[in-house]
Amino acid sequence: MADLQKALQTLRSLDFSKMYESDFFLTWEKSDDEIRATFEVAQALRALRESNVSPKIFDSGLAISMFRDNSTRTRFSFASACNLLGLAVQDFDEGKSQVAHGETVRETANMISFMADVIGIRDDMYIGKGNTYMHQVVDAVTEGHQAGVLNQKPTLVNLQCDIDHPTQSMADALHLIDHFGGVENLRGKKIAMTWAYSPSYGKPLSVPQGIIGLLTRFGMDVTLAHPEGYEVMPEVEQVAAANAKKSGGSFTRVNTMDEAFAGADIVYPKSWASFSAMERRTALYGRGDTEGIRALEKELLQQNAQHKDWECTEERMKLTNQGKALYLHCLPADISGVSCKEGEVAATVFDRYRDPLYKEASFKPYIIAAMIFLAKVKKPAEVLAAMGAQARRLYE
Amino acid sequence: MADLQKALQTLRSLDFSKMYESDFFLTWEKSDDEIRATFEVAQALRALRESNVSPKIFDSGLAISMFRDNSTRTRFSFASACNLLGLAVQDFDEGKSQVAHGETVRETANMISFMADVIGIRDDMYIGKGNTYMHQVVDAVTEGHQAGVLNQKPTLVNLQCDIDHPTQSMADALHLIDHFGGVENLRGKKIAMTWAYSPSYGKPLSVPQGIIGLLTRFGMDVTLAHPEGYEVMPEVEQVAAANAKKSGGSFTRVNTMDEAFAGADIVYPKSWASFSAMERRTALYGRGDTEGIRALEKELLQQNAQHKDWECTEERMKLTNQGKALYLHCLPADISGVSCKEGEVAATVFDRYRDPLYKEASFKPYIIAAMIFLAKVKKPAEVLAAMGAQARRLYE
Amino acid sequence: MADLQKALQTLRSLDFSKMYESDFFLTWEKSDDEIRATFEVAQALRALRESNVSPKIFDSGLAISMFRDNSTRTRFSFASACNLLGLAVQDFDEGKSQVAHGETVRETANMISFMADVIGIRDDMYIGKGNTYMHQVVDAVTEGHQAGVLNQKPTLVNLQCDIDHPTQSMADALHLIDHFGGVENLRGKKIAMTWAYSPSYGKPLSVPQGIIGLLTRFGMDVTLAHPEGYEVMPEVEQVAAANAKKSGGSFTRVNTMDEAFAGADIVYPKSWASFSAMERRTALYGRGDTEGIRALEKELLQQNAQHKDWECTEERMKLTNQGKALYLHCLPADISGVSCKEGEVAATVFDRYRDPLYKEASFKPYIIAAMIFLAKVKKPAEVLAAMGAQARRLYE
């Protein structure tokens, strides 16, 4: 297990002591060492698993999942990660209710956490709400723990909020590290995070925001491209700019897909709704204005339809570095002529990258497991080193 | 772990041998020693858990849950309890069907129990049905075990029936024991179990019945208060009276909230529907008379509305012992001005008792786990004593 | 554990090496030794379980279930089997969507399988689709494993397709082996697999097909009876005929229930829809022709109603060997005067066979567990032999 040893060596050189008994909200709230530690623990867990060695750290315990939006891959990634560490998943299904007021969050958070070690939440639908809700939950269980209601504070894993999608962006980054042979090899690589046309509307901003907020940390040239009117949150652009400055990379915004693709080593073409549209939608939902929502939907679809040329075609791929940029997507993609008439990506491009795309997704369970591991294990390197002896399957 | 040692010492002095391979239907079907043993095992399990020691008794096994009514906290408490002991929960969702006829119960009970160690059922909607259904299930799996279909008889845990809510009342009692520093300190304490106004209707009787049927065993002065027309089942009142006589406490029924609150050490104000209304509703459902159900609902809401003054206000709290009675509720409460316009309790009262309320709820997983433990482990004290050496988290 | 030793002795004499890392689609794709090995492992697992010895082989891992049709007993059997071996079940609920096109199957299969050891699928609704879908899933995860996306290929268990219901037919066969005291005692026994009237329509063909495709392997006289117009798939009849020829038994088709029951040692009266009706329905669903579906339903119910005399009555039971044939059913049965006015079986017949019927069903979890065990454990006999020392309950 050379991979394990390599990961442990790096891990021992990092300072991530504050992650113990902490939570994972946004990548840019974590230090470089903490981000790096998450990658290394994920790699170590993958190495153990691939050698059929169990990285179980719990003898019992629950992981509570709250999906306030649909999910397949994140749901299964979370279930996989928890199972790998020895936790049973208990889903909390609150129905499609409006974001509950503070009091009820406080009560509910405690009532579902009696033996919870982890709470995973997806709440990405409403601007200004999702991340706030996660903090309310964490505050509630922190109080509950202090008051003797809960005998431990469960750790929160942000499974996508209105601002960031850290399990996705971290999995994407780990995929790049794996693909380019090390985090140091990301330096100077150009990634085009670009808007793409989709016949549906209102896709969350958390993926593009997560990507520009994370990949700017590694000295990469991060280019964000979208049509006018599809702006992301200005705060996150500021994060990206600051990261780029600190890491010696760059963060650039352009107005065409072609500019973004030019010379790119990596492309990430994906539909999203603009920040301002999301804000309007949140306000309409808050007022229960269904007619307003319908009108907005119509307006946004018309706006989208003006940008059908924002597609990741074979021609555009040729603009990239040697025509061989690595294509990324969080999946599922809107594939032209396959899942829709006109979409984000040409079928031939998508097909060519199928294996790397699935591999990209396969890092997510390990990223989630690493986030939990670092919050729950005081001395991660020692524990990972000690795990070598234990077989996952009790019998071969 | 002084708490563990204390619990074990008491446990060794009690006779609860009949609980092994038995079921938990109603608290008043259990002897005083058996009730006490359940508290002690719950305390022992909590002590172990808080010391991060695993009380797992199963290497594999299923706990089947059947919720014939909505549930959040009991669902999570059951999941927590089962997980703590090493069982996976498999939910049986039969849809919102009518109570099935005998034949089908027999078949279904066996078909879901092939490897079930525990069956937890909530069936509290229809008077005369819920507890009966639980007995049908237990009879069916007992026969199935005798016929060689099942290699063990799963143990039943009543997660709320039409008559009793033993996991709630036992958790409430354990909260009182914890709060007042021992079961012996409950003697002479006055508890006001009183009806309170709620804008909804048809809440089960099992909580007030469970409370008067259990707390009268500990020499307490149990006062039941409700407006005329909100009578509980006479059989349960008889149980309460007999318990009070035997334990040297008292059971009194009064007609005003003020009388009940006067000098009370504990108050438990909560809405419920009257026994006779529940009987009428059950009959209407049985006939599928939706118009009759609507008419009854209207009538009951009007009846409720005549008693909006039955609210746990700051003024009423001042009537209690030094104005400092402990406020109990099974949650969620109807809080005036918060979850409804006018409800069971004033917001300031509820807020002041938030921490103890959550703590009250936190005993339920341990009570459920104790019920299972005592039904599945032949020598509980020995096993609990032996558990000290095993860590819950495999790695710290 | 004499039963375990006996099973292991037989197991050691069989060649089933190809089952390791394989899948279970149709019984007739397996060799006689492989079928036999499945029975022996199931018996061994049952013997271990009944001695309270854990046959857990996984320290962690997920079993994914996909139910594209309703299920209670197979769902709980699958959950039981997986739990017994140490896997947590994660249900994949894709909604009642149309059978997805190849591309999406490929993606979905990988996205839910990151840590899956097992995938169990029920897809029995559409002729020509269910088994095909299962193969698409297996092809997808095989590719995913080869491409490094998945670190193992999960094993598929067919929980009922359009062609076969192997976990049912194998459990039925094991029940017969148990009942008659050995597989060798099935030789020469007559089984009547006959259509029976039901007021519902469109029940899958997989049970009768599974039965004639499997039981013809054991030298039995397998008689298939149904009214004209209720033909099963010709390919499966050919399998049955070939099996019978090879095993020295017989496969006969008759046109009346009486002929089939005459002298039978076992009867299996059960409703199904004809192959051609199922084909028509599949085509109508494919076109989304709801009016056509309604018309077909009406036509088929009328057709059914012409055969109400196809009922397993007391009189018919008297035609069987000494009037004491063993009655089989996959459950739930349509019982005349109980679950419907006129149905598959008289209430008195059903009642008399209740215990053996439940016992029949109780073999399914062990059959499923054996299928998984043989796909995941390289040296099953050695591992089963070694399991004797480990207690299932950690504490008695």
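Each chain carries a letter (A, B and C) given by its place in the written order, and its residues are counted from 1.
As a convention for this text, a contact is a pair of C-beta atoms (placed from the backbone, for glycine too) under 8 Å apart; a residue touches a chain by one contact, two chains touch by 3 or more.
Being a predicted model, the structure only gives us computed values, none of them experimental.
J.: Starting at subunit A, what is the smallest number of hops through touching chains needed to reach subunit C?
T.: Tracing touching chains, the least step count from subunit A to subunit C comes to 1.
J.: Please decide if copies subunit B and subunit C contact each other with the same set of residue positions, more than half shared, or with different positions, and reply same or different.
T.: different
J.: Take the average of all CA coordinates in subunit B, do the same for subunit C, and state the distance between these two points in whole angstrom.
T.: About 41 Å separates the centre of subunit B from that of subunit C.
J.: Provide the list of subunit A residues touching at least two other chains, using ranges where the numbers run on.
T.: Expected reply: 56, 86, 88.
J.: Which stretch or stretches of subunit C touch subunit B in the complex?
T.: 46, 49-50, 54, 56, 72-73, 76-77, 79-80, 83-86, 88-89, 331-332, 335, 338-339, 354-355, 358-359, 361-362, 364-365, 390-396
J.: How about subunit B: which of its residues touch subunit C in the complex?
T.: Spelled out, the residues of subunit B in touch with subunit C are 56-62, 64, 86, 88, 90, 92, 101, 103-104, 106-108, 110-112, 114-115, 144, 147-151, 376-379, 383, 386-387.
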